[in-house]
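Following are the structures in question.
One chain, chain A, links the two complexes that follow: it is found with chain B in the first and with chain C in the second.
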Partner chain A sequence: MLSDLIGELPQLLVNGLVAGTILALPAIGFTAIYAVLRFPNFAIASHATMGAYAGYVANVWLGLPVIPSLLAAFVVPALSGMACDEVVLKPLRRTGPLTAAIAAVALTIALENVIRFVFGNDLRGYDLPVWRDWRFDLGFAVLRVGPQQVENAAISVAVMAMVFLFLAFTRTGKMMRAVADNPMLAGIKGINADTVARLGSFMGMGLVGVGGMLLGLDTSIDPLTGFRAVLSVFAAAVVGGLGSIPGAVVGAAVVGVGEELSLLVLDASYRTAVGFLAIVVVLLVRPRGILGERAF
Partner chain B sequence: MSGPLPSAPLLSARGVVAGYAVADMILKGVDLDVHPGEVVAVIGPNGAGKSTLLKAIAGILVPSAGTITLAGAPIAGHPPREIAARGIAFVPQEQNVFPTMSVRENLEMGGFISPRETPRRIEAIFARFPVLAEKRRQAARTLSGGQRQMLAMAMALMVDPKVLLLDEPSAGLSPVAAEALFDTIRAINAEGTAIAMVEQNALEALAIARRGVILVDGRNARTGDAAALAADPEVRRLFLGG
Partner chain C sequence: MENYLVAMAVFAGLYGLMALGLNVIWGMAGMINLGLVGFMAVGAYTSALLTVRHATWPIPLGILAAVLVTATAGALVARITARMRGDYLAIVTLGFSEVVRLVAANEIRFTNGTDGISAIPGPWRGEVAPATFNLIFLGLTALAVLVVYLVCQRIRHSPYGRVLRAIRDDDQVTAVAGKPVLRFKTEAFAVGAAITGFAGALYGHYNAYIAPEGFVPLITIYVVLALTAGGTGTNAGAVVGAVLVVAFMEGTRFVVAAIPGLAAVQIAAVREFLIAALLILLLRVRPQGLFPERHIRHPVPDPR
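Up next, the complex of A and B:
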């Protein structure tokens, strides 16, 4: 029994790390929007799905390779996120974060059904080359790693690196960090909070969209692709520290690995319970999350 | 600090009414003039509206009545970024730096409205405040209270302001750090920057100011020469602790 568990461990750890790496992108998007706008924008669920379908259209309908298709997966939800915030959520934010969060849930249901209306409920897959998994014999276990898994994780790491470089070295990135740190002071220093809000929604939802497509590349997509991931994304952001971008990366790794390791003792259908558990533990032990509210 | 005042004030507030709720106006018609090159100390008991006055001038609060002008141009109700671009730099009492950003990045944000000048001004700031140069890569949250106030002041200087608004700059500082800060304020003023300063340490504030304004319950109680106010027995008894 114990040897079986030990034998499964390397595979689950690798799967968990890959899942966490992919989960990190939507978690960064979610936490970046929270850092700038100070409300949990649950419309990430529909925007992850939107990204997955935008990438699908580019990849399958237009015949583009994966990388250019990821650009579509970024741009379409980014523009939608910015427009939805401007038209639907911004007028409601004045009444408080709870109102905006509830409106974001309603918005995500509406957008999800628009996607369902256009594409139907069928599962769809991307046009990907068929690769054999790599097999590594570790002696006590055999590790199987899919080239697509590795490519997805590499894409995610590359996008994360771009986000960090953007935030660390560009004037616009620093402007966003300043608003996340201290919105009143940012205004006093001449930074336009409305511009930063639009940029935050654009970048955040774009990352969520790319995350949605990466999730789809790993499996398949349907109108509930984003909805199924939203709890894990929210858990990753809370575990790492809401509003903290490095925290979202750490939180995603914890939730991704945690969800996979739960398979040692739980049926796969209970895997999402790990997200709930992680939120409960963090709220009880360290309510500000692993890295607190460090915006960057 | 002595000598005749230039005829026209650089910054002028007249009959300013402002507050955080419609039914509870903290300022009930306050006047304030700041002439070019002078320091004006705004003092008074807690709740008198001193900080609220600075916030109304800086655009953080929109006055419900009254006028505020800078060099004759109305600024009341304009967004903070527009007021900053016109030459008013406000240093809040608390949360006056970006805590997770480095000292250098804080200065860059301080000079946000004049990016071309930023590199040159940062070097000038580092020459003036060597301790900030030493800690240029450190996050602002790791600085001591005095260093943080110094950084907040340096951020305000990044735009070469016409008027500097300081809200309780010495609050929470040790006597040594406060004294160093007042020296810095004197030096900034000596270079020609007009300053309006709200300060709990009223005697120290009046000592470096040309004029003083005493606010009580959202209204001007006394306005006049700072030295005369500091020497007035009634003012000393009521507002300066004897």
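Up next, the complex of A and C:
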């Protein structure tokens, strides 16, 4: 029994870390939008799906390889996120963040149905080269790693590195951090909050879209792809501290590994419930999340 | 056609109940609840499990149990999140409804999984003609709406309701005024959840069949739409809004079906899109609804 457990553990840890790395992108997107606009934008669900389908169109219909397809998965949801925020959510934020949150749920249902209208409910798969899994014998356990998993994780790490460099060293990145930290002070220093808000939506939804496509690369996509992942994304953001970007990365790792380790004791279909449990535990024990709410 | 209209009237009543429940939570106490459908599911499953699958309790007892269980669930959710800002409540309630659906779909031995529960008893079902059963149930639903409406009106006009509205407008000031804000919030959430669970239980007994995929977030949107259309904060608005939403939903069924060349999945997509778009439009154009909440001023006794 115990040796079975030890034998399974390395595989689950590796799977969990890979899942957490991919989860980190939409979690960063969600938390970044929260940091700048101060409301939970539930439209991430449909934008993750949108990213997955934009990548699908580029990859399967236009025959592009994965990396350029990911660019489509970034740009389409990024533009949509910016436009939707400008037209739909921004006027409602004045009424209060909760009204905007309700409208965001309606928005995500509306967009999901636009996707359903065009593509139908069928499962679709990407056009990917088929690789054999790598096997490692650790002595006490055998580890199987798919090259696609590794590639997805590497892409995710590369995108995260770009996000951090952008926020740390560019003028625009510093502006975004300033607004997240203290909007009033940023305004006094002459930073245009509207520009930063648009940038936040653009970047945030773009990252969510890339995350959606990476989630789909592993399996297949349908109009509910984003919605199914959304609980894990919330969990990652809340566990790390809503509004904190490094927190989202830590939270995603915790949730990713936690979901995999839960397989030892729970049925696989309860994986997403683990995210909810993580939210509740963190809210009870450490309401500001692991890294607190500082944006960066 | 008559049966269809009666069925729609029953559904309007059920949505009206849920809108009344949401009005206590969101309209009066100002707490967001994006997981209404989760409480509806808890109510529906509690009553169904107790009247057909695991026991053969009489229907009223099953419904009573559903009300108690959902009230407890609501109080728990409110308690966990009460000290936090509304954003967290939004996330937790949305997550709650998803977890309820997961449990219902996966605890196969307990809930029969995605196959759902069938043959849920209804009052005098089988003893009378189906059309008569429909009418009986419509009467019961109307009675339920009336009773809950009166209770909600009572809450709204009582000092209790005044405290809830004060919490909605500014909970710090209310706390300074010496009101136990946490207790009021928890109770309001529990009452609202209980009403929603009550509607869920009725739904199960009317439909005779419930399944996890029947409890999707879109239903929460219907209810929010009903309350927003009618006028957040007013009980009459909640009921009228529910009737309008059901009429609109059913209207789109005929209008969209008349567009030539659409596949079934596309028709469904257009209808769901219209509902969501209508809510966004309403929030934008007329957030106060058809019957805006008026401030109730009680006459000051003449000092002379």
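The rule is simple: the second predicted complex is superposed on the first by the 296 of 296 C-alpha atoms of A that agree within 3 Å, B and C clash if a C-alpha of one lies under 4 Å from a C-alpha of the other, contacts with A are read in each partner's own complex, and residues count from 1 in each chain.
In the analysis below, a contact is a pair of C-beta atoms (placed from the backbone, for glycine too) under 8 Å apart; a residue touches a chain by one contact, two chains touch by 3 or more.
These numbers come from a predicted model, not from an experiment.
Asks: Tell me which partner A:Arg171 touches in the superposition: chain B (first), chain C (second), both or neither.
Replies: The answer is first: A:Arg171 touches chain B but not chain C.
Asks: First (chain B), second (chain C), both or neither: which does A:Tyr270 touch?
Replies: Second partner only.
Asks: If you stack the two complexes on chain A, which partner ends up touching A:Pro97: first (chain B), second (chain C), both, or neither?
Replies: It touches chain C, and chain B stays clear.
Asks: Thinking of the overlay built on chain A, is A:Gly190 touched by chain B (first), by chain C (second), by both, or by neither?
Replies: The first partner, chain B, only.
Asks: Of the partners chain B and chain C, which touch A:Asn182 in the superposed model: first, second, both, neither?
Replies: After superposition on chain A, A:Asn182 lies in contact with chain B alone.
Asks: So, A:Arg144: does it touch chain B (first), chain C (second), both, or neither?
Replies: neither
Asks: Looking at chain A, does chain C or chain B touch more of its residues?
Replies: Greater contact footprint in residues on chain A: C.
Asks: Report for A:Leu283: first if it touches chain B alone, second if chain C alone, otherwise both or neither.
Replies: second
Asks: Using the touch rule from the top, collect the residues of chain A that touch chain C in their complex.
Replies: Touch residues, chain A against chain C: 34, 39-40, 42, 88, 91-92, 95, 97-99, 101-103, 105-107, 109-110, 113-114, 116-117, 120-121, 231, 234-235, 238, 242, 267, 269-270, 272-273, 275-276, 279-280, 283-284, 287.
Asks: What does chain C use to touch chain A in their complex?
Replies: 32, 34, 80-81, 83-84, 86-88, 90-92, 94-96, 98-99, 102-103, 105-106, 217-218, 220-221, 224-225, 263, 265-266, 268-270, 272-273, 275-277, 279-280, 283-284, 287
Asks: Would you tell me which residues of chain B are touching chain A in their complex?
Replies: Chain B residues touching chain A: 58-60, 79-81, 84-85, 90, 92, 95-101, 105, 108-110, 112-113, 115, 155, 159.
Asks: Would you mind writing out the residues of chain A in touch with chain B in their complex?
Replies: Per the touch definition, chain A meets chain B at residues 171, 174-175, 177-178, 181-182, 184-192, 294-296.
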